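What follows is a pair of complexes built around subunit A, which joins subunit B in one and subunit C in the other.
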Partner chain A sequence: MHLFIQAIILGVLTGGLYALMTSGLTLTFGTMRIINMAQGVFVVCGAYIGFTLFNYLHIDPFLSILVSTPLLFAIGFTLQTFLLKPLRHDAHRLSLLMTWAMAIGLEGILSFIFGTDFRGILTTYQNSSWTIAGYEIPVVRALAFLLSVAILVGMYLLLTRTKFGRSVRAVSQRESAAKLLGVNTDRTAALAFGLGAATAGAAGAMFGLVSSFDPASHYDLIGRLLAICVIGGLGSNAGAIAGAVILALSESLVQAELSPAWSSVPFYVLLIIVLIARPQGLFGVRARGAI
Partner chain B sequence: MLSTGTRLRSWILAIGLCVGVAACGTPAPTSSSAATKGPLTIGISVSLTGDFSNTGKAAQLGYQLWASQVNAKGGVLGRQVQLTFADDASSPTQVVTNYQNFISRDNVDLVFGPYSSLLTLAAAKVANRYGYAFVEGAGNGPSVFAAHLPNLIDAGPATAINGAQVWGDYILSLPADQRPKTAAYPSLDDPFSQPAAAALQARFEAAGIKTVYSQIYPAETTSLGGVIAKVASTNPDMVVSGSQDADGWAQVQAMIQQKFNPQFLFMTNGPENPVDFPKNVGAQNTQGIFTSDVWTYNAPIPGNTAFVQAYIAKFGGDPSQIDSTSAQTYAVGQLIEAVAAKTGKIDNATIIATLHQGSYQTVVGVVSVDQYGAPKGSQFLEEWIGGTLTIVYPPNIAEHAPVIPKPVWP
Partner chain C sequence: MIAALALFPFSGAESWIVNIGIFTLMYAALGSAWNLIGGYTGYVSLGSVAFFGLGAYGLALTFQHIGIGNGFLPFALVPIIGIAVAIVSVPIGWIAFRTRGLPFIIVTISLVIILQYMALNLTDITGGAPGLQVPQAPFPPGAYEEYFYWAMLGVFAVTLLACAYVRRSRLGLMMFAVREDEDKARGLGVATSVPKYAAFAGCAAFSAMAGAVWAYYLSTVYPQFAFDGEFLAMGIILVAYLGGIGTLWGPFVGAAILTPAQQYFAYSLGGSQLYLIAYAAVFIVVMLFLPRGVVTTIADRALRRSRRRKQVVEELATAESEALRDAPAPAVAR
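Let's turn to the complex of A and B:
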């Protein structure tokens, strides 16, 4: 039982971070109906920003979020404006290729700047853990979880309580109607894409703390993030959180109780079942506008 | 209807083309000793871009250092060495193209190996097809030797798998009351690490050390918390980690976070990197961790000190930052020099025949290979002691006696 509960603790803590990474993907799909294949590499960019600031300026990776978030927002906004916006007449088909090209391009740039060796960020509290009732709570994962939850709450408030949020929801529900009501849909789309990248930037700085990474880490990340999105429901923030926690929990439990070789299997079996029985995902709806 | 003259010209042209194509397609391996007094041309594919680019560049430095030194001494049998590099972008497809170009287009005298077992295997097959010797320093995975290529020679003292057996030698050399009684084997699904850990497991089980955990985790596993939680729950005396760099760091971090401290901790890969390992797990946490290695900058191997000094003089930097791949590729050149000194010839057939017999001193140790080029020796055992990676076994080259049991994490 001790091992079971320890595995649940580790799974939930990891799930929070994945939820933050996935929320940006969900936002982009909700507003633009674009599956952003570059979300994984945006996370890796955030990790390298955290790594650089920590190693050269001794800025704590949690504080580096204040840099990585606006920087990734700017990158996302720029890429959307110059590379995705011109495709909007055929965005559903071409955007997949374009965002994949962005991912490959950014991976190349990261490889050129940082090389292809694995990197990690080692803070003074990196290996610390709190012992609570005999269970070990890694400090880094706990802080990353709490900060991820805080950012997700902030995202929720932004989307539900602000004018920008109303614009995003309007565009996600019916773009043409939003345009008729005076919403600048192009600007909203660019801001939403930037915001999606910004969440990856924030998550990336924390990802670099809990896991080592290299420029090619995005391949594995985007696979997981897409699977989380699909299982939770494309375009659903609640679904992203649920999918992320299910993924991390199942991996951790199977790793500990059965075999690490099978750790990904239960999640992907569930993914297949969901695709057959409920293709819109656990929290998705068939109509537009889940956000 | 064609005239007789036109038909004759057509036949001559056709025969000429056939002869030309045949000549281009299957060049005989160059017999360098008899051929020319010009430079000794050597083609080498290196990974200057792509996944292996960092280590690929280190491989290039070793080759360049050897060439500059041998040329300063007058060359090989009086012939200046001329290296030609081509970037393979870490691709097994491109590496094949590169070696085909070296051999059939450039007609180089010799070819040397690229970086990684993946590329070595693909490239060595090309060289074998043309009868070229394939001496390489950075491809000693099991798949390379399983191909049974007669032209291959690995310029290292041990294969990736047998190298770790030095840990078995050491543990089984301990008095029975000091040996671990139980062991756990968490291993990465990797062609080097997992077989090495499995070979140790079989040996330890035969010696009576009980296995309490043995699992393989996939390469894409980003969090090893669950794995280490399970290992900790079995409370083994010894952990043998079949690890590479990043997952090795993750294992150590998870052990510290979960306050699990085995008495013996051996990792196949990760701790042998004197720069990255302490940087990623914390220098204070390295104490008492063992690994095996083929080369370090301070290894007491004949010629090693001179190699390190020459490397620093040519490329700068700190000795601890020299990638062992540079030493391994430098050793490739040393083997070629040894063949020239022993036989007075430097053609491909002579290289193949000579290096498959006898043993040769290089900066990575004594090289002696079997019929398929696999090294027969072992690596040496290292332990992190006082923040320094220290050779502790075998006793004849040890800098310090092994410190056991492993102290608790600070």
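Let's turn to the complex of A and C:
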């Protein structure tokens, strides 16, 4: 029982981080109707930025978020402007391949700079943890969880309280109507894509603390993030959070009770069950032509 | 065309060229098979790699459990594996077809990931990460490649024939109807699940056949390469897009351009880093400058030219008839 609750604690803490990564994916899907296959590699970029700043300038990984977030925003904004915006014919499907090309290209650039060895950000507080009522709460994961939640709340406020947020929501509801009402849809899409990449940058610096990574890690990551989206319902923020927590919970439970090799399987089994029972996802809305 | 391709190894090509030929045909077959589901039915599936891997493992497992010798007999097994994987694909399709559009893409990616996990973890059956060994074919070293070339050509030819047949048949019309507007098609009384499952199973069968030949050629199967969601899955779609999705010869044209280029990059750039960057650059160039594909672009241009010619002919004809009308009636000769 003790092990079980311990696994739940770890699962929820990791789930927050996954929720942050997925929120960027949801944002780009909402505004541009595309699947951003590069979200995984953006996370890995964030992790490498944290790694570099820590190893060479001795900046704390949690502080390096302040660097990785704007940097990834700039990368995302630029990539959207030069590679995604020019796609006109069959843009939804082509952008799938285009973002995938970005992912492969960035993976290549990262392995060119950093090599293909596994890296980790090894801080002094790496292995320390608080003990509350007999349960271990790792400092790194707890801080990452709290920061992720804070950033998610910030994103929520940005989307609901600001002019930019209103235009994002307008574009996700109906692009042509938003355009008619004077929303600069191109700029909104570029900003949203940049913002999605920025969340990955923030999550990435913390991801580097929680687990080791190499340039090819993005493939595994994007698989998880996409599955989270489908379980929760594509385009739903609440669904993304729920899916992320379910993923992390099932992984940590299986890891604790069975074996690490099988840790990802129950989540995918769950994915299949959700698809059979509720194809639009847990929080998805059934729309014509969408699902 | 197929006959010309079949004669290619006789041209005295060296074995490394034939090797590139095998991979070109493999991509052409996989691209054509993908075209059934992605091009004709409009469901972008990343799942063909899953069936490719199932075919590869199918052949390797048959070797493990039934001694069928390592001569030509395994080639006879290829169509059987294709049919078996097609049957397996039906329940998978049932799950995947509960979604459409972008979620369908994600579900098919998940399928590849799930199968890769299973191949890695079911060590008793699949051998885990080291994979399974397939006995090497006893062909003479000089002609080793050629037999596999012809086998892969056979798979490609069968796939192409199936596509050509589907395009002319009622089934093809149903597929196109689903691609244009599935709900409307169903409203008009098209049994939309028939073309969807047919395309999915067809894609599975032909991809599995290509996978089986591939496994015998390399004489080893790893989870990483059999269920390669990273390069193979996207490479197949890129080949189809480069050639022109929904066209008969598009995937072949795409494969003929892309595969030699890819092998060249892999050979000359060696390590994975620059290779990845070059591969991504090719991707981006294709997407930006040839999004409609080579075959479609050429066909469009030809169509426009013929239309223009037709227009000129029509203009001439009207001018002529006007001239006739305006001309004074010829005097009738006695």
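Here is the rule we go by: the second predicted complex is superposed on the first by the 283 of 291 C-alpha atoms of A that agree within 3 Å, B and C clash if a C-alpha of one lies under 4 Å from a C-alpha of the other, contacts with A are read in each partner's own complex, and residues count from 1 in each chain.
The rule is simple: a contact is a pair of C-beta atoms (placed from the backbone, for glycine too) under 8 Å apart; a residue touches a chain by one contact, two chains touch by 3 or more.
Small disclaimer: the values here were computed from a predicted structure and weren't measured.
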Touched partner set for A:T116, first subunit B, second subunit C, both or neither: both
Contacts of A:S129 with subunit B and subunit C, given as first, second, both or neither: first
Touched partner set for A:T185, first subunit B, second subunit C, both or neither: neither
Touching partner for A:E251 - first (subunit B), second (subunit C), both, neither: first
Touching partner for A:T14 - first (subunit B), second (subunit C), both, neither: first
Subunit B versus subunit C as contact partner of A:L226, first or second or both or neither: second
First, second, both or neither for A:W100, with subunit B first and subunit C second: second
Contacts of A:P260 with subunit B and subunit C, given as first, second, both or neither: first
Subunit B versus subunit C as contact partner of A:Q6, first or second or both or neither: first
Footprint overlap on subunit A, where subunit B in one structure and subunit C in the other make contact: 111, 116, 216, 261, 264
Residues of subunit C that touch subunit A when the two form their complex: 44, 95-96, 98-103, 105-107, 109-110, 113-114, 117, 120-121, 183, 229-230, 234, 237-238, 241, 272-277, 279-281, 283-284, 287-288, 291-292
Contact set on subunit B toward subunit A in their complex: 49-54, 186, 189, 215-218, 220-227, 229-230, 233, 245-246, 249-250, 253, 256-259, 276, 279-282, 285, 409
Of subunit A, residues touching subunit B in the complex: 2-3, 6-7, 10-11, 14, 111, 115-118, 120, 122, 126-129, 131, 136, 138, 141, 210-212, 214, 216, 220, 248, 251-257, 259-261, 263-264
Footprint of subunit C on subunit A - complex, ascending: 29, 33-35, 83, 86-90, 92-94, 96-98, 100-102, 104-105, 107-109, 111-112, 116, 216, 219, 223, 226-227, 229-230, 234, 261-262, 264-265, 268, 271-272, 275-276, 279, 281, 288-291
